[in-house]
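What follows is subunit A paired twice: with subunit B in the first complex and subunit C in the second.
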Partner chain A sequence: MIPTTRPRRAGRLGAAAAVRASLAALAASLAACALLGCASKEARVGLFLYNQADPYIEVFARQIRDESNSAFLAVQFDAGNSQLIQNEQIEAMIAKRPALMMINPVDRLASHALIRRLKAEDIPIIFFNREPLAEDMAIWDRCYYVGARAEQSGQMQAELAMSLFGNDPSGLNEYDRSGDGVIQVIILKGEQGHQDAELRTRELLRSFEARGFSIEILAIEVANWKRDEAYEKMGALLRSHQDRLELVASNNDAMALGAIMRMRQQGFFKDDDQSGKVDRFDDSWRPVVGIDGLVEAEESIREGYLYGTVKNDSLSMAKAMVELARRAIGGPDSGELHYRLQDEKYIWIDYQPFIR
Partner chain B sequence: MSGTATRRLSSMTKEQWKELLVKNAIYIVIFMIIMFIIISEPSFLSANVFRNILTQSAVRLILAFGVGGIIILQGTDLSLGRSVGFAAVITGSLLQRADYASRFYPDMPALPLVVPLLIACAVSAFFSAINGWVVAKFKIHPFLATLGMMITLYGVLSIYFASGAPGPQPIGGFDTRYTDFVIGSTLGIPNLVIYAAIISVIVWVLWNKTTFGKNLYAVGGNPEAAKVSGVNVSKTIILVYVMAGILYGIGGYLEAARIGSANNGTGYGYELDAIAACVVGGISFSGGIGKVSGAVAGVLMFTVISYGMTFIGMDQYFQYIIKGVIIVAAVALDAKKYIKKT
Partner chain C sequence: MVVMSLLVSLAIFVGTLDEFAESRSSEINKQIVMNYEGYINSVIETANYIQFASFNLDLGRDAAALEAIYRSNADIKSDVVSVYLFDGSGRRLIGPQLDFGTGNDIAARPWFRSALALEQVFHFNAEPQTSIAENRDEGVIAVTKAVEFLDGGATEEGVLLIELDRQAISDLARKSNLGQGGHLLILDEAGALLYSSEPEPRAMSERSHRLAAGMYLGAERAVIGGQEMALNVNTLVHTRWRIVTVSNVNEINDARARLLGISVLILAISIALSAAAAGYVSVRISRPIGRLKETMLRIEGGDLDAPIEVSGQREISQLSHSFTSMVARIRELMASLVDEQKEKRKTELRALQNQINPHFLYNTLDSIVWLAEHKRNKDVITTVVALARFFRISISKGQTFIPVEDEIAHIENYLTIQSIRYVDRFAYDIAVPPEMLGMRMMKLILQPIVENAIYHGVGDADGRIAITGRLEDGRMAFAVSNTGYGIGEEKIREMYDIMRGGGERGGVGIRNVYQRLKLFYGDAADIRIDSVPDESTTVTVFMPAQPGQEG
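Up next is the complex of A and B:
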């Protein structure tokens, strides 16, 4: 009897113990999260991200937290790309009386309601990454924006290309493969109607024009910021423009990398000496320029495929946000601001060109 | 003798106690989570938080009533989110401030607030009626019928969204009459809570005091039996879907103002929240079972938990795990009850 009952009892106990153990583990992890989230040391600042799954935002948020180290405690929220969730997270944070909120809106138009709401609560706001409308920013004097000007990224991208072509509009160098004094370009556009896509494209073209470079647009193709879509569309584009193509300018790095992938399949970017690096002076090399500064893009630049990119300087933005937050909260070491505060509202951080 | 009687009695109470525990396990777990939230952040117990939770539950509750009726019919509705999104975009396009820079209809005069509401409800009801008709007429499983509708509606909604004067841009700059109507308060009570309360009463009456309600439970419990006893099954199904559509229309109307903007992605995934709340509130996927109070409880519990977890600063990804486990646990218990029933 004993041998038959024992294992059963033991089994039951085992199951119960397992349940208890997992409950304990759950409780412990809950407690850990809670402690991490709400250990109140100094002023609390809400840090609201539009989507943590965006690698750029993830890195940006980490930089903000690192910079803030002793100035305040950043409590981070991820809206998972839902403005509704973000609104609810902001409501929850208001109930805890934070000293300030740093908001990366999911939808810039929703900022109107947010500014009105936080003005009523007298909680200052620093917006970042997505800029609210100027008319909404004007609602309150304690809301700020830290970011970059989309126009500048297009201008810098054009400058990268122009310097490669010799910086002299009347005497293009060997990269003008046809030698006709005109740069034949394919432009990969993010999204039709998207503010950044429109501005980057417009400023790129405008910069060439302003410096007197003649360009011929072979195609402006919309690839929705996506690498695979750019890869697909570049196939058709190369079929018709392969022989004349001299430059590819992409609204972001992902599309530039997709285009490069397709160009390699079509015989561009030969590595004749098998050095592992593409020879820029080889006849099959064509400059491709992106924007964003993805890690993959830097890698591609090192390997010699991508010519250059324009980086969003998120570290400087994070520094500016923390200084601005200190000043707005008015802590003991507040006051000093190393960045120009335009109209008492905006801090503009320059993009940084990146080439090999 | 008395010894055995006592033993039987004690063993029975133990069984009953156990059954009670199993039956309510989900509520016990939720209660524990709430207690945990309160212990780690006592300021959770405040009038302000209570108000926020009620406000945030309001639209979810209205949507849960819509899909709840369909679940009682042994159905489901995947097109809920897109339907809400369409209603939100329609409302937003019709109620922009006159001085707003990029208006959807540049020359639109200021409409009475009720006009966009009626249009949004009519459009949602129309598409939902198609769902009902397809389900009733072709006996297609509601999962598939509404999956098709979900995709179709996204197409229709995106075409409408792109047809505005500024192109496919998010719609914002709402008329303050409209936003005050939705997110304002009356006598200290948030308007959204008042609207949700009114709709709860209406739905309660419809489900419990009308022939429509009786037919709903009859068809949901056993469509064959309902048919034999003279219920018009097809008509009942279509009516339930139409009612759901109207509720989605109201939900979308309120949602645009609550978010402060609308686009063709608005409402994405809402069906899953609403269905989950219904299930946790005891509306059974096996049909014929479900109460208004259940939907209210389900929505409130979900909101309390997600609000509370956000309140104590818990990581969003961790929250997903907890919510997912709660849903599966609720369904498992529901299935257990169902097995016992047959």
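Up next is the complex of A and C:
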């Protein structure tokens, strides 16, 4: 079990307390070592999560811990969506001289101060989930980022849709229900102003445009990443656009699932061809695409409702982070790196399209 | 002990208070940062709301609606000076009239360029600048972000600008209490000073700025302007800025000193209370126990009549009660022991007194028969009379003590009988001073000694026995001496042994006397034996002079 701690106090002022705490921690870890044997776990790595209440992050953190199992001892902290708390946790961890820190910043701009601070302590950092600004990353050669390119998810989502429509902008297939050569789409957007929501939406639209597909945006609705909100808002949207709707593109799976629930109530997703199951060959079926790869989304895809999703490959990210950490701690000879390290700083993990 | 515990608690308190000061300065910093974060978040929300409200509105068709959205958001928030939308080249699309001359260089302004250079984030520019709006002269902070907008059906990229009144930052700073000389700084990512809450002239900011330039997170202590200050650094949300709070540790220390004072007071009071409690325990338990102990020691020393105090705690008084009854019981036992002893001594005395030699009676009766056969009537009469008197005195109505006079008469009777029996074998003298005659003495003391003198000492025809009495140092001394060969040292030692109960043979008479004397008089009585070889032997009996008693 990995402790999730919220240190009471941080700062160099608390050095005495920190020394005491670290002695206690040392004693505890020595005791643990004596009991369990942990020759390879001497290195301690701080794992800082922006918010453990985010199920994606919770799974991600577990994958990191599982992967790090033999490489080092990961000590996990939950910032509860507060950069202030995360700052405190990082300060407290510095006093314990970890070999490395894995940080999922609450505020990506705070990374600037974090990089400066940890550079002074010579504690390497692997950022994940939220990418610091490139100019901040350039401050130090021992800070890394492992993640996916946010724009790729939007692009990949567009590609899923385009291939369903026949991959030929000038000759759309039967999914262009109106046969007008234009795809009528409703876009469900995450949070207004949210980096990912903006990027995914923009890249989705740009990808259609770049490939020469004509689309007509029936509506862009902000549903704040939430299933319930998408369900509510989809009701009004369907009343206006039900007859013309040909595609629903959602910034995430949760909203896509909310939309499907509403669509089923409005007469979509019926077994029109009496095949015994709902699938894309039914007339009332409309493609809905999401992003994230939630377990529920995969189920929905297998059941024939959700057409596809774009998975954030957190398992590969976790593996890459652990390999990178091992190298950052022990040097280039300490294990193979199976991922490309761009500019000696970035490891990009591709999103994975997921359809039936 | 008390001093030790006092010092230890002081040390712990000082340590705790140090931590208290540290955590307090860090808490103050956090509180301030949260205030600013709240403010910045509200600005971001405003920007997001404007974008959200402008959604699907086309600048070509819905210009009036868009203008209204921008204006209302600028009006609602008092600290928002203006809200603008510029196109990618810096041309004003929405927002109030620009100040004369500013319209041309919008695209060159840093806040405009940075917004387009990095699209995903908000940009906060706090360089000294006044509002670009006409007739507005407030110092402002420019918040910008690249946004997309619809113009004639086409999606265009532009820049959203929100001008914040700089005053808002100072207002927030004023809310915080950093103590005497305490202030807060806001530094940009390059470490440049964006804001200092210290009023002009800034005596301390320069130094605290220099110290904070190398700090990115956490806390440090430093002396600034003669004051001990705690510097706490934190990040500011949505910006790459840092907030540095410089708080006066001494003031926290003042609070600390107060706390320390109170703690010492509490400690002193608790010590006093403990002492009082100890005193109470002492009064109620220790002291009664001490008194009981003293009494016990006195009783152990033999003073059975020492008074026993019964007071104090229930347990103590129970103890005293038990002790009292125990002492009473001991007293009873001792009294009965003394009575028994007295009784026993009386019995012994009586038994010894009654050990009248039966041979004496047999011999006397034998000599009376012999005298009668020889028709010595006078001697028979004398002997019988003397014998009668002898026995009367012996019996003495059962009394143990008789006048010296009677004792002497008793000896005379005895000597009379013996001198008749041993015809003219010895002569005797009795010389007792008249003042002694009235005194009382234990009866039948002298007769056995005289008997001894007759049997052992009188050898020759003209032997003499002298009985003399005298007073010596408040004691009566009766010396019985007889002429003869005398006895040697060895014989004297043997006699002393016999008197004290050693040896078996003979001397029953003198031992009887000695033991009776010791039994009653103890050390006050004694028997001494002196002998002059070929001349005489003297046995002297000493006993306390007891005044006579009439009636």
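Just so we're on the same page, the second predicted complex is superposed on the first by the 304 of 356 C-alpha atoms of A that agree within 3 Å, B and C clash if a C-alpha of one lies under 4 Å from a C-alpha of the other, contacts with A are read in each partner's own complex, and residues count from 1 in each chain.
Note that a contact is a pair of C-beta atoms (placed from the backbone, for glycine too) under 8 Å apart; a residue touches a chain by one contact, two chains touch by 3 or more.
Computed from a predicted structure; not experimentally measured.
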| item | value |
| --- | --- |
| Contacts of A:I355 with subunit B and subunit C, given as first, second, both or neither | neither |
| Partner chain in contact with A:V295 - subunit B first, subunit C second, else both or neither | neither |
| First, second, both or neither for A:G193, with subunit B first and subunit C second | both |
| First (subunit B), second (subunit C), both or neither touched by A:A210 | neither |
| Touched partner set for A:Q89, first subunit B, second subunit C, both or neither | first |
| Contacts of A:I220 with subunit B and subunit C, given as first, second, both or neither | second |
| Contacts of A:Q52 with subunit B and subunit C, given as first, second, both or neither | first |
| Partner chain(s) touched by A:H112 [first = subunit B, second = subunit C, both, neither] | both |
| Touching partner for A:A138 - first (subunit B), second (subunit C), both, neither | neither |
| Touching both subunit C and subunit B, counted on subunit A across the two superposed complexes | 83-84, 87-88, 91, 107-110, 112-114, 133, 192-193 |
| Complex contact set, residues of subunit B against subunit A | 36, 40-41, 43, 46, 48-49, 52, 55-56, 101, 167-173, 179, 183, 255, 258-261, 263, 268-269, 306-307, 310-318 |
| Residue numbers on subunit A that touch subunit B, as the complex places them | 27, 29-31, 33-38, 52, 75-78, 80, 82-84, 87-89, 91-92, 95-96, 107-114, 133, 135, 192-193 |
| Contact footprint of subunit A on subunit C as seen in their complex | 15, 18-19, 22-23, 25-26, 30, 33-34, 37, 44, 47-49, 51-52, 55-56, 118, 120-121, 148, 189, 214, 216-221, 230, 232-235, 237-240, 242 |
| Complex contact set, residues of subunit A against subunit C | 8-14, 16-17, 83-84, 87-88, 90-91, 94, 107-110, 112-114, 116-117, 120, 133, 136, 192-193, 195, 198-199, 202, 219-220, 222 |
